[in-house]
Amino acid sequence: MRIDGRRYNELRPLTIIPNYTKYAEGSVLIEQGDTKVICTASIEDMVPRHIKGTGKGWITAEYSMLPRANRERNQRDISKLKLAGRSAEIQRLIGRSLRAVVDMTAFGENTVTIDCDVIQGDGGTRCASITGGYVAMCLAFKRMIADGYIKETPVLEDVAALSTGIIRLDGREQAVIDMCYDEDCSALADFNIVMTSNGCFVEVQGTGEERPYTNDELVNVLKITAPAIYNIMEIQRGALR
Amino acid sequence: MRIDGRRYNELRPLTIIPNYTKYAEGSVLIEQGDTKVICTASIEDMVPRHIKGTGKGWITAEYSMLPRANRERNQRDISKLKLAGRSAEIQRLIGRSLRAVVDMTAFGENTVTIDCDVIQGDGGTRCASITGGYVAMCLAFKRMIADGYIKETPVLEDVAALSTGIIRLDGREQAVIDMCYDEDCSALADFNIVMTSNGCFVEVQGTGEERPYTNDELVNVLKITAPAIYNIMEIQRGALR
Amino acid sequence: MRIDGRRYNELRPLTIIPNYTKYAEGSVLIEQGDTKVICTASIEDMVPRHIKGTGKGWITAEYSMLPRANRERNQRDISKLKLAGRSAEIQRLIGRSLRAVVDMTAFGENTVTIDCDVIQGDGGTRCASITGGYVAMCLAFKRMIADGYIKETPVLEDVAALSTGIIRLDGREQAVIDMCYDEDCSALADFNIVMTSNGCFVEVQGTGEERPYTNDELVNVLKITAPAIYNIMEIQRGALR
Amino acid sequence: MRIDGRRYNELRPLTIIPNYTKYAEGSVLIEQGDTKVICTASIEDMVPRHIKGTGKGWITAEYSMLPRANRERNQRDISKLKLAGRSAEIQRLIGRSLRAVVDMTAFGENTVTIDCDVIQGDGGTRCASITGGYVAMCLAFKRMIADGYIKETPVLEDVAALSTGIIRLDGREQAVIDMCYDEDCSALADFNIVMTSNGCFVEVQGTGEERPYTNDELVNVLKITAPAIYNIMEIQRGALR
Amino acid sequence: MRIDGRRYNELRPLTIIPNYTKYAEGSVLIEQGDTKVICTASIEDMVPRHIKGTGKGWITAEYSMLPRANRERNQRDISKLKLAGRSAEIQRLIGRSLRAVVDMTAFGENTVTIDCDVIQGDGGTRCASITGGYVAMCLAFKRMIADGYIKETPVLEDVAALSTGIIRLDGREQAVIDMCYDEDCSALADFNIVMTSNGCFVEVQGTGEERPYTNDELVNVLKITAPAIYNIMEIQRGALR
Amino acid sequence: MRIDGRRYNELRPLTIIPNYTKYAEGSVLIEQGDTKVICTASIEDMVPRHIKGTGKGWITAEYSMLPRANRERNQRDISKLKLAGRSAEIQRLIGRSLRAVVDMTAFGENTVTIDCDVIQGDGGTRCASITGGYVAMCLAFKRMIADGYIKETPVLEDVAALSTGIIRLDGREQAVIDMCYDEDCSALADFNIVMTSNGCFVEVQGTGEERPYTNDELVNVLKITAPAIYNIMEIQRGALR
């Protein structure tokens, strides 16, 4: 039994509240266990310089935690005048994951910015940001359709993400999905997996924390993660209906 | 009739949800109309250098808006490497307002940091931050009492804030309390008033926006604001029960 | 008797030396007691993005203290890579105060920047900056008229500012105008009042420092401040002749 | 045939020059094809605050490119006052990879900083930084042994890294190891793989660039990468002899 | 005849007003023609880390121009978040020049910070900063003697500086001392010379602006500059009496 | 005998490897004793705002040391968010030195940026950067000629630099050229001299470190430095052939 009573392949309660804020073109509040992230999608009529004039759009993400999203209060980035390295790493991952499932030529020279602000963190915030950010992005594209800017969604397939780890459980080493913070802290290895609805991977990032991991362990992690990601996609679809 | 149908002295719906996040010593979500602010109070066992060794504590505040809290997306401070001047001004106001009602010698050499993060802004965010921040601070002191660090609350009296303005309404100029964003945008003058439960002022800040204002106008604004602030204090007390 | 022998409603010696520097379109050295501020007004042929194309101009202010303007040396902002929060607050106040008395449509798409650099601070630097900045601005508009850019001044009425406080004096609590630094340090409450020559308020900012203040106290403070501000306006007019 | 005539599983010429600079405790110049990175390992008698007093050491990395390491000149980070997000991501990867093979309790409360400065970039700079950084680190530990600070190396096993991708080649899609920049630019998917001498993974990071990738593709990529990493480890050992 | 009617070896009017501000341990306003610089010397009971515990003191300088000290308004450093390269260069020169004439072991582990703020610039600001900064520093040491911290001044000899240039004058090329801004702008070569009362050089910095210069020209420049620097030292001594 | 066995007027071994990197328009690795600097020249089709439209080009330099180029590891500028003052000073010197020997109207509105990155520092890095930067710049102009952008080189004469100092040697004070770091550390005075092939000076910067220096000493330093700079120019020419 895991610390919170779940089975190794059991997701935490997951809800995605669409249209959580009133100004953003798309927005959600995603709650995955005690992890809570506000994701907004903002559309702006401009693109970064390097793709200006190509007819393509751009999708980018920013990730931040409120100062007291964690056990200890963290100083704001602006107080240190530095974006936390961890945030820089995460927002690049979110951006790549979302761009991977969108036809970048199909929504004009517009930029979609996905802001992921963690209200409360209890493990898996980067994956929740991808999962929630995807829904916010879809809602923003719906708005573009409703407003007559585009005819159909440029989204090619669904994308969602899940964190899975190898932890010690009752004296054995066990792969478990959707780790909470306490599990994450003592995980032997830790995987962030981003999949599409076609069963393909957009990103696999596996890190040996306490020790390196074997090929078999990686294969097993991927195997138990896939069905859970399909379940998450059902919840995404519910939020989009 | 005002744009949202309220009378000149009618508050917007106001709710304060206590213990909104699980890690902070004190926290609330305050919703005042469509303005939504998360206020957390964090207690840390340290004080700024200039009061070290005096036996006094410190109370400070930080204020920030999520990038898409408004009609347009705003760049994050960290992207510009500058704290917005408006935020600097507001967080100083919040800090002064809360320190004014606390016995700074009565909670040891600890710092209480009030983080006010605006999820959605529709006017009056600085006043909502004071009103909500006060409740978060009280909850944090309750936690200190429960944990045995202090015997009784160092809070001397209640404090709450309200924004009142002079607007054009049906061809007349009229003082109205608790302006929403649309009213604020076209206000002739704009007042942020911070009061204690004893009927005294901690801060009065009145700005002539479209035109200077008279002494009589100031007196009238203060008169119609006071009862509304007492109503707000009732809601604060409800949240603290 | 106050610390420097003045009566409660007596200004410190106040001089405004016009055209203090030779390059700025307008400039003054204002000395109010031992407080000394250089105010320059610079006119530049450009406006911030958000008003480009509206035909309006812009007026903005920057405020800074020399490192050794005070008892202790302060690090420069650039050493800390942060504009002091207090400076941010003050320069916003100066800008609002000056914009309030100018017809922003009457001097073209130009920006007037008022730089207020405190050479020596002995209380009341923000009010002296407004008072002196107003004269520097008027001088700059005179230059624009002399150079044929505009036909008449866009200034609608005079503006000046004064700091007034409630202090303990001979065992009583007494409102006194134009506090010096020593009075300011131990003031019970502290008011910055910006008035026009028509007797209206552009800004009233009152802060309870040691304790909140009552409505009657506020009314009294405003009452004793107004005549002194009229006196200051006489000195402004002298400097402009 | 690949663009530079190599077979799909053929490494570029790889040399590691040990002791490349004279001051650092450990240093190498690693050349992998036209990619050239200077890696230095510096030992300092201090650790970050969060591990002070634990008896553990710390290993961290910094990564940077010279402004003209690429086809176009890039502005320095200091000109933009921001660490490039890509650099932040990469230096975290290098640090994790090296910490994974070291007994952090076996070299005292010291910090080893691995500086990876890319002199010329032609694909695979992050993997070359890990491979070269590992050798620099080992040299620094040798120095510590020689100087009598530690008795034996705290390194538990070897670590090296290789970038592998799926590219279009003669009309087919083909996994190829050790991509040069031109291959990298048009890769369908791109994998950075960090392995130990025991055949385990420290990090697997696979990104679908042009399209998501399948489980089979991932398995194949790992299969062709492993032998090449063993070859790299032979070269590392040569440099350390 | 030079643009302002002076002979080639004639100084501009030079005044040094001692004790210009009331808080600094030492201060002057130096006016050299239309160049005006406020120099303050602040003594703080601390030294930089690298000399802590050596029993030595430290002398350092900071240099800045007010935004409108010049023909055009310059953005403040803090607005750009960068110390101007020119200021960095100049303040290092001032610091080296003053340290060169002081016995650094003779005033305890204290830091003297010389702040040079240019109120108005008309050429020669860096030299005026050295000349004025020297007087401010001497005044601060006098204060230390008066306060009983040290018995005698740690100053070993006088130091002053002058800018000399080679300009075109009536169709000839002519070395002239103490250039004003207009001369400086079109100078062929430009020298900043820092001398002691013993006739030695602390710094010679000669730059070919429009063209390189010969050895003979350098020798001539030094020859005509020395007597003028002795004159400046007379004025320094007057200010110190 | 000097610490490394050289005579007072003997250069360290000096090599300049042209075309050291493959992307830059011009590049060298310059090794002067144990000092090693990579200099690249990048040509970009743009100029700073203040010379746009004048038909002139621009030449600028950036200077940086790798963190472990010295005995101790230095934090990167980006970690401190500040360009080191010393680097600011040096890169301005390099830029001035190179601009002095180029016809700025003869290569179009292009910017040549010279990046000088010190791989290993053992004294004289700023002079080596000028010497090497000059060769890199010439190579870049050769490329422009080869590519048909310009017909002939805009370089008017050669430029090279050398550091010379006055040190204590066998109980006497002796001027020596091309100081290594150990000599530099204890030098009484220190001169950076930048000369052209015509025997003129572009820059002379002489600093009294331990004591001021006399006119005779300066004259002697210049006399022994000139022949050595001519020797360096021979090596520059060799690298350019």
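In this document, chain identifiers A, B, C, D, E and F correspond to the written order of the chains, with residue numbering beginning at 1 in each.
Going forward, a contact is a pair of C-beta atoms (placed from the backbone, for glycine too) under 8 Å apart; a residue touches a chain by one contact, two chains touch by 3 or more.
Treat the numbers as computed from the prediction; the structure is a model and nothing was measured.
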Exercise for the section: Mind listing the chains that sit against chain A and also against chain D? Expected result: none
Exercise for the section: State the smallest step count from chain B to chain E, taking one step as a move to a touching chain. Expected result: 2
Practice task
Please identify which chain has its centre, taken as the mean of its CA atoms, farthest from the centre of chain C.
Solution key: D
Exercise for the section: Work out the mean Cα position per chain and let me know which chain is farthest from chain E. Expected result: A
Practice task
Quick one: report the Å distance separating chain C from chain F, using the average Cα coordinate of each chain.
Solution key: 50
Fill in the blank from the handout: Between chain C and chain E, the Cα-mean centres are separated in Å by 33
Practice task
Would you kindly tell me how far, in whole Å, the mean C-alpha position of chain E lies from that of chain A?
Solution key: 58
Fill in the blank from the handout: Note: chain E residues in touch with at least two other chains are 81-83
Problem - Neighbour-by-neighbour ring order, given that chain A leads and chain B comes next - result: A, B, C, E, F, D
Exercise for the section: Spell out the residues on chain A that touch chain D in their complex, using ranges where they run on. Expected result: 81-83, 85-86, 88-89, 91-92, 96, 100-101, 195-196, 198-208, 211-215, 218-219, 222
Handout entry: Residue ranges of chain D touching chain F (in the complex, touch as defined)
Key = 21-24, 27, 34, 38, 40, 42, 44, 62, 64, 66-71, 73, 76-78, 81-83, 113, 115, 117, 119-120
